[in-house]
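The structure under discussion appears below in the form of structure tokens.
All chains are identified by letter, namely A, B and C, in their written order; residue positions are counted from 1 within each chain.
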Amino acid sequence: MSIVTVENVHKRFGQNEVLKGVSLRVERGQVVALLGRSGSGKSTLLRCLNGLEVIDSGRIEVAGHEMSYEPARLRALREDVGIVFQSYNLFPHLSVAENIMLAPGLVKRVDKAANRRLAEQVLERIGLLDKIDEYPDSLSGGQQQRVAIARALAMEPRVMLFDEVTSALDPELTEEVLEVIEQLARDGMTMMLVTHEMNFARRVASTVVFMNEGTIWETGEPEAMFSNPKTSEFKAFTQRNVK
Amino acid sequence: MAFDLQFAPILAHTPALLDAFWLTLKLSFGAVFLGCALGLLASTARIMLPRYSRWLVDLYVETIRNTPLLVQLYIIFFALPVVGIRLSAVYAGLLALTINLGAYSTEIFRAGIESIHRSQIEAGMSLSLTRWQVFMHIMLKPAVARIWPSLVSQIILTMLGSSICSFISVQEISGEAYTIQSLTYRSFEIYIVASLMYLALSLLLKGMLTVLGHYLFTPRRQRRTWWPAGTAQKRISS
Amino acid sequence: MIRPFGMQEFLFLIESAGWTLLLTLIASILGGVLALGLAIARVSVHIVLKEVARLYISVIQGIPVLMVLFLSYYGLAQAGLDLPPVIAASVALSIYASAYLGDIWRGAIQSVHRQQWEASASLALTRMQQYRYVILPQSVKIALPPTVGFLVQLVKNTSIVSIVSVIELTRAGQLVNNVTFEPFKVFIIVALIYLAICYPMSRASRYLEGKSRVYRNG
């Protein structure tokens, strides 16, 4: 059974139809890179997967949860789906430790000692244990983004979503974040990434999905797709975006 | 807990109420024009004045903003006669409201002017405009456009503040309401009527000023209607 | 019998200023509690709650404080409750404060970035948990300067209750003036006492505003 199932999903913003019948399956352990021009619907699709955007028709199932917008069921789904945003969205009034411990403490009712240990473990995993009691405003962009990843990981999700997580970072800081993501992939986490990092997608992804004008235009294994693009749109896209 | 409301006795006083409404309007408009003019003058002066005399304007602003309007009114009406300046109640009220709005609008205009980025001024100067031209065309209009909502709020507060004049027996809405109440003993009813009149005025004033702002500050090209109706923008999604 | 303005009169003014401060305190506490409810109602998803709060705030903000006072005073009398003027004045000032503070705090809650809502929702927090741990703490920092600014307005507006014979600072000034016939001296001193109370608060508000502008969200 696929861990993510998307069936014929439609989504419009006002008069503008952004997703025009998207269908997709993701298996456990797969790393899916979602590529496309702005306006192609890739970020919207990602945000539909944890309910931040409401679909107009179609079906979504993630980590065994049927997508439902009823609050309690949506929260249950969100316990198993982690998301990392382009602008990190750390809670500025809380320290790194508190950012990470907040949800496990409130939602999973983890006790304080175990929670702290969990936070230390996950920070160690991304290499920022020494910043555990710092506040977000004293961290660089790359560090904040890694903390955001740790915060999502602390909930022990079964699927991780990454929404253009390096787009807001300076090139020097992008590397450290990509390293963390690559390590997560090696550890077997099921991931979907919306990204502009072509080389990274080519190297780390197990599947590439190219979206155009609200539908999935082309999909396949990265090496095959990049060296032999089947559609002219994808070919043009790769030529424009290879650094 | 029985509410026994009778509005009929009040209806007999409708002409007086209408006169009071008119007086409130006159007081408000007078105070708004004079007060805004004073504010514009003071905020401009503050920028043009050398650094060591700016505190004069600041003194005026801080004193007025940190003392009650009622006390300012009492000083004008009761204390000034001692030095020979004897004003009628209505003119004392007008003066108090003007000076009050003057202080608040000085602060509001100042915030607007200071929000104009230095680069705008430099661009103007580089085009060899005079200081005065830069001020009028590059600073003033965008500044006022930016602070228009704050100014509108303050104007409405000034109109509501005219109720203070009833304390020195001016027969504007509140003053007239007090008189009618002492004649009919229908206190709750008259103050409901008076409140409704103020509400109507607030809504009217806010509406008119918002339309005025839209008319003054939205460039003709962008404007589709002469009332505020949002400029057309396509939603960009990713 | 006319008395000269002396120490006794001055002390009477100071004592009445105490009542001014007490009224301000009561109104800010009672009004504040109500304001918090109003602010949350204003941003809630329940349409009825939202509109009732909006109506309440719009009405109170659309009439002079004097009207709020008279409606409270005479309204309560009509309802059969014969309360001492101080209580009616406190009720009126609390209602006035609740509307303005509610509006300010609503604005502060709405100023917290939408992304903070998204991030906390994505971590499976309930709406209540979102408010308590993520949104409200951040809106407090935003709300502080205008709240202190409003408290200055509140102190000044306590002068209105002089009309129902509550002996706060302005009424005390009137009484002293009636006895000494030195309006200049009396009202200038009254003004100075208000200045002494309000100016530090205004400065504090401006200081807090400067601080919060440097505050950056991640």
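Heads up, the rule we're going with is that contacts are C-beta pairs under 8 Å (C-beta built on N, C-alpha and C of every residue); 3 or more make two chains touch, one makes a residue touch a chain.
A quick note: this is a predicted structure, and the numbers were derived from the prediction, not measured.
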Furthest chain, CA centroid comparison against chain A: B
Geometric centre: closest chain by C-alpha means: C
Computed distance of Cα centres, chain C from chain A, in Å: 46
For chain B paired with chain C, centre-to-centre distance based on mean C-alpha positions, whole Å: 20
Whole-Å gap separating chain A and chain B, where each centre is the average of the chain's CA atoms: 52
For chain A, residues contacting two or more additional chains: none
Multi-partner residues of chain B (at least 2 other chains): none
Chain B residues touching chain C - in the complex, by the definition given at the top: 1-5, 62-63, 65-72, 74-75, 78-79, 82-83, 156, 160-164, 166-167, 174, 177, 187-188, 191-192, 194-195, 198-199, 202-203
Residues of chain C that touch chain A when the two form their complex: 113, 115-116, 118-127, 129, 133-134, 137-138, 141, 215-218
Chain B contact footprint on chain C (complex, rising order): 59, 61-67, 70-71, 74-75, 77-80, 152, 156-157, 159-160, 162-163, 170, 173-174, 177, 183-184, 187-188, 190-191, 194-195, 198-199, 202
Complex contacts: residues of chain A adjacent to chain C: 50, 52, 71, 75-76, 78-79, 81-83, 85, 87-93, 102-103, 106-107, 136-137, 144, 151-152, 155
